[in-house]
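First subunit A sits with subunit B, and in the next complex the same chain sits with subunit C.
After this line comes the complex of A and B, so read on.
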């Protein structure tokens, strides 16, 4: 009897334990669809990626970790959530990252769901770049998608927090290109950033926050980043400085530059450290770039000297007119028309500086003459206003003196009448 | 105390003398310490006949101190925008072949609504209103 009771008790305990275990397992498998188990488990275990952020564009668009890494975000069972059967691929090899991102970014059907206007040739472009070519060849030091965009804090380039926002691009590129040790391996300089920050473009972009100024990618491209070639460099600069490019390419200098393997614009202006141009760059002075190739007596030397004298004649006349304009303004006289004329003269000055790239003294000269005519007109208008000011002032002084004498005279007359 | 004629004339003459001195000295003080007078603001400018303005052409108009570009589109609509490029303040022009506003200094391009569409300009051009009153084009400050 006692044995039977023990048996019954054992069976009951076993059944209860089995049922309890089953119930617990069942309970465990009740899934809450709203929970992203990738994030919750990795947060709980403090193993989220270092650069993970909640404002990542993919996360905001509703893609979970599994959107890129595969697996099942709705399962809280690690074996299921991270099983190859559920498509889990884990952390990709550096070499595979472009294809990894390209799964979606090269697929127009997927991309148009999120960004109908986004390009889908980034991966294709990437493999045309030096970064892409080297990565394909097995170089693990080169930049791939995450090097510039980050892996888990990706934001659109229009977002000021993004590593690819115009103001942040130089620093993003400089993470690698400023690393001397790394760049030495490729025989590349690592001082581009230090030169760029002092350049006219760098000052405009980084100090004046002018996002229209070019960052690295505006000249080198982004996904297809390459150093511009000898012939393409003038086209690169010409995207903004279009007239300079057209004039230069049509000038008699274009052909010799090609023959001598000179780097178009870069030959005179430099590249990363381009300084604001000055009229001293033209001519035969010590700051001139013309004398790098031309010697006294040759035709180029004479052209440089002539163009330089043209520029300085308009420049000095324009400076004089500007001083007169300020004087007219300070005297409270009408400066509107003078201001308009000077605006026209400034256009002529800019135009003639651009026409320097034709290396044609006639073309530069005719624009300079127009500018000088306008400036002369502005100066004579200013002089007329200044003369008018002094005429009014002298007239006023004279009238005041007359009235004072009259008043004093009147006073004495009244006094004599009283007597 | 009665006010006789002589006394009355003396008071009148003294007051006139003070007023006369005031009239002499006030302009001197005003000259030495000029009053703050703001420049009159230009709110509208008449430009000329609408029917004489050819389609697909433009002209630069003086609007106070600011140049304004007035464009007559291919369709015959008038557009007026600030003519100063938002990049480095060069004067923009209308390109009749591409129907865009172009800044020759750095190849900045704006559409006909003044929106900066390519090149370095950071901001759009400021729009002005254009009204045609009895065939006369009148440009006014927008808003």
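After this line comes the complex of A and C, so read on.
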């Protein structure tokens, strides 16, 4: 028994020793391999690219300079490391950059190793864009991959430090599109950014930091960047504002808009400087967009006026109910049911504002009536609570009076007893 | 007519039960009148507030549903939907606070007039037990609406009990009905609040009142030393009782005023996964103890500071209860006697710590 135990013990010791030696050897080899001679020599000689950074996504994933530029990173001999025989290509020509990046990014087998869900058609899409078309034609002023992504500080778009992170996109595009001199050459405006920052989208994205708000690429596309055309603009807005798009496309306005070459949503709401909508936009007032086309007496004018009066009737009733709700709450009375009703009424108000895009007075009207019914109920509940509040106080005055009479009676009784 | 019916009823009862002791009590019980007579009313007011608690508590019981999913909702239902539910709940909460306030006043008035001395030692002890039970009522009732503040106050309160040596851990688990404050704690506190405490409380209250009836009102030294013809008395029935009633009327009106103009907030429903709201404090009557524990350093010598504090309060409570048996030597030359100095120090400590508790 003891003999076999000794044998087992010896075997374990031997195996452990062998493994330990092997592991140490492995570690040493890894250490040797980890020297990246591209980086070490370029750092030593201070000739790293201007935008070089250690957090670059390629570098973090273990891709050395040679991964893109070719050559041999394991050799510290410049002639070997940067020899064309080792595949060295140097700095790519601007025109070749899309294909240069596409070597890997268009290869599904390579990309799935790193980011299995990433698309591999960016280069293809790029050549459908205005940028891509012009680059192909030899225009070197247009954006290619590095213009937006940088060359050596590339980060995934989900990283807040990335030039393509939602909050940074407007500035990235504006580097070129805000350059008046450059844009003039193409007969393009350069004020999009200044318009955008004042828009409801821009305020949400840049001021409120709501990354769900649209940046340039959400409407214009990423790699296939194009200005949306007449037929497609409502689909662009409709990616988020689905109901508005559906209502508009099914409305009697859709056809005439097409005929007149009007740009769907943009016609009333604008493009880069879209302001927060208000009920004033509908109707025949001075802020109305309807009267841009409709004149007094025509059917559209009447419809606009009717819809506007519907909206304002629910709106004013709703604000009255809201005031009452606050009063009920301030008085410490029961506001639970009123709160729920007003939530429903608010929903009706939002729904009717969306239904405006049907330009149908019946549809808008029926939703408004529902909203008014709910609001009326809320107001009467609030009134009942406010009445109850004063009833309680009157009740207290009454109770105090009764108590007082009793107290006075008792007082005289006590006094008479003392006598 | 009415008088005839009453006298017939009384004689019917008298034949069967012999009402002489009650008749004697009604006819002969008297209350001394002197410059400290005002203090005689405090016990009565406390008793009246207890009756209010009893009545409003029973009314609340008709609608209250203990349980994690129903307690908060049922209290909300009481204050929003039930006719006069808001009034009953607010009167119950306000009267509970006033009860403890008047019980404290009553206790200190008895202490400073030294009414606890022989032969009233047991009256004092039962009174002390009643006050302790009233505090337990406050603590157990506070959790019942199952709102955020109640939840965390119970957590902190039971944690403090848990630091007691040997029994602390077990006591905490028993009180909580498990490791944490959960629905089980709520059921337990509900049972304690509406069944266990009322039973014990009633027992001690009856004893306390019996003792008082047996021994009559306490007469202070200066009154006792007066010649018989200079001593002024009024009969308890109806004179003193009517005065009591007058005060009760006023107190009741004040409670309704408070209930109407300063309603108790219901707050948010307790969420065991939420973090404690900032600046959480216990009810005012526990604040002086809570604040003292906060002032104590983490360690005093080798003992945990908080533990030492809790033990000190326990010991102080015990000594306070046994005051009738502790003889402090009287100093004939002193204007204020040592026992009075002790009382003043205790009151000042409670007042200062409570104020600090609110300010800090």
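Going forward, the second predicted complex is superposed on the first by the 369 of 419 C-alpha atoms of A that agree within 3 Å, B and C clash if a C-alpha of one lies under 4 Å from a C-alpha of the other, contacts with A are read in each partner's own complex, and residues count from 1 in each chain.
Criterion: a residue touches a chain if its C-beta (ideal position, glycine included) is under 8 Å from a C-beta of that chain, and two chains touch if they have at least 3 such contacts.
As the structure is a computational prediction, the values presented were derived from the model and not from experiment.
**Q** Touching A:411, do we find subunit B (first), subunit C (second), both, or neither?
**A** both
**Q** Just to be sure I read the superposition right, which of the two partners does A:392 touch: subunit B = first, subunit C = second, or both, or neither?
**A** After superposition on chain A, A:392 lies in contact with subunit C alone.
**Q** Tell me which partner A:136 touches in the superposition: subunit B (first), subunit C (second), both or neither.
**A** Touch partners of A:136: none, neither subunit B nor subunit C.
**Q** Going by the touch definition up top, name the partner, subunit B or subunit C, that contacts more of subunit A.
**A** B
**Q** Where does A:339 make contact in the superposed view: on subunit B (first), on subunit C (second), on both, or on neither?
**A** First partner only.
**Q** Is A:161 in contact with subunit B, with subunit C, with both, or with neither (first, second, both, neither)?
**A** neither
**Q** Check the residue A:242 against both partner chains and state whether it touches subunit B (first), subunit C (second), both, or neither.
**A** The answer is first: A:242 touches subunit B but not subunit C.
**Q** Go through the superposed model and pick first if A:323 touches only subunit B, second if only subunit C, both, or neither.
**A** A:323 contacts neither subunit B nor subunit C.
**Q** After lining up the shared chain so the two structures overlap, which partner does A:400 touch, if you call subunit B first and subunit C second: first, second, both or neither?
**A** The answer is both, since A:400 touches subunit B and subunit C.
**Q** In the overlaid three-chain picture, which partner chain does A:185 touch, first (subunit B) or second (subunit C), both, or neither?
**A** A:185: touches no partner chain.
**Q** Is there a shared patch on subunit A that both subunit B and subunit C touch, and which residues make it up?
**A** Shared contact residues on subunit A (touching subunit B in one complex, subunit C in the other): 332, 336, 396, 400, 403, 407, 410-411, 414.
**Q** So in the complex, which bits of subunit B are touching subunit A?
**A** 13, 17, 20-21, 23-24, 27-28, 31, 34, 62, 64-65, 67, 87, 90-91, 104-108, 119-122
**Q** Which residues, counting only subunit A, touch subunit C once they are in their complex?
**A** Its residues touching subunit C are 332, 334, 336, 392-393, 396, 399-400, 403, 406-407, 410-411, 413-414, 417-418.
**Q** In their complex, what parts of subunit C are in touch with subunit A?
**A** Spelled out, the residues of subunit C in touch with subunit A are 76, 79-81, 234, 238-239, 242-243, 245-246, 249-250, 252-253, 256-257, 260, 263.
**Q** What part of subunit A is in contact with subunit B in the complex they form?
**A** Listed in rising order, the residues are 210-214, 238-243, 332, 336, 339-340, 343, 347, 350-351, 354, 396, 400, 403-404, 407, 410-411, 414.
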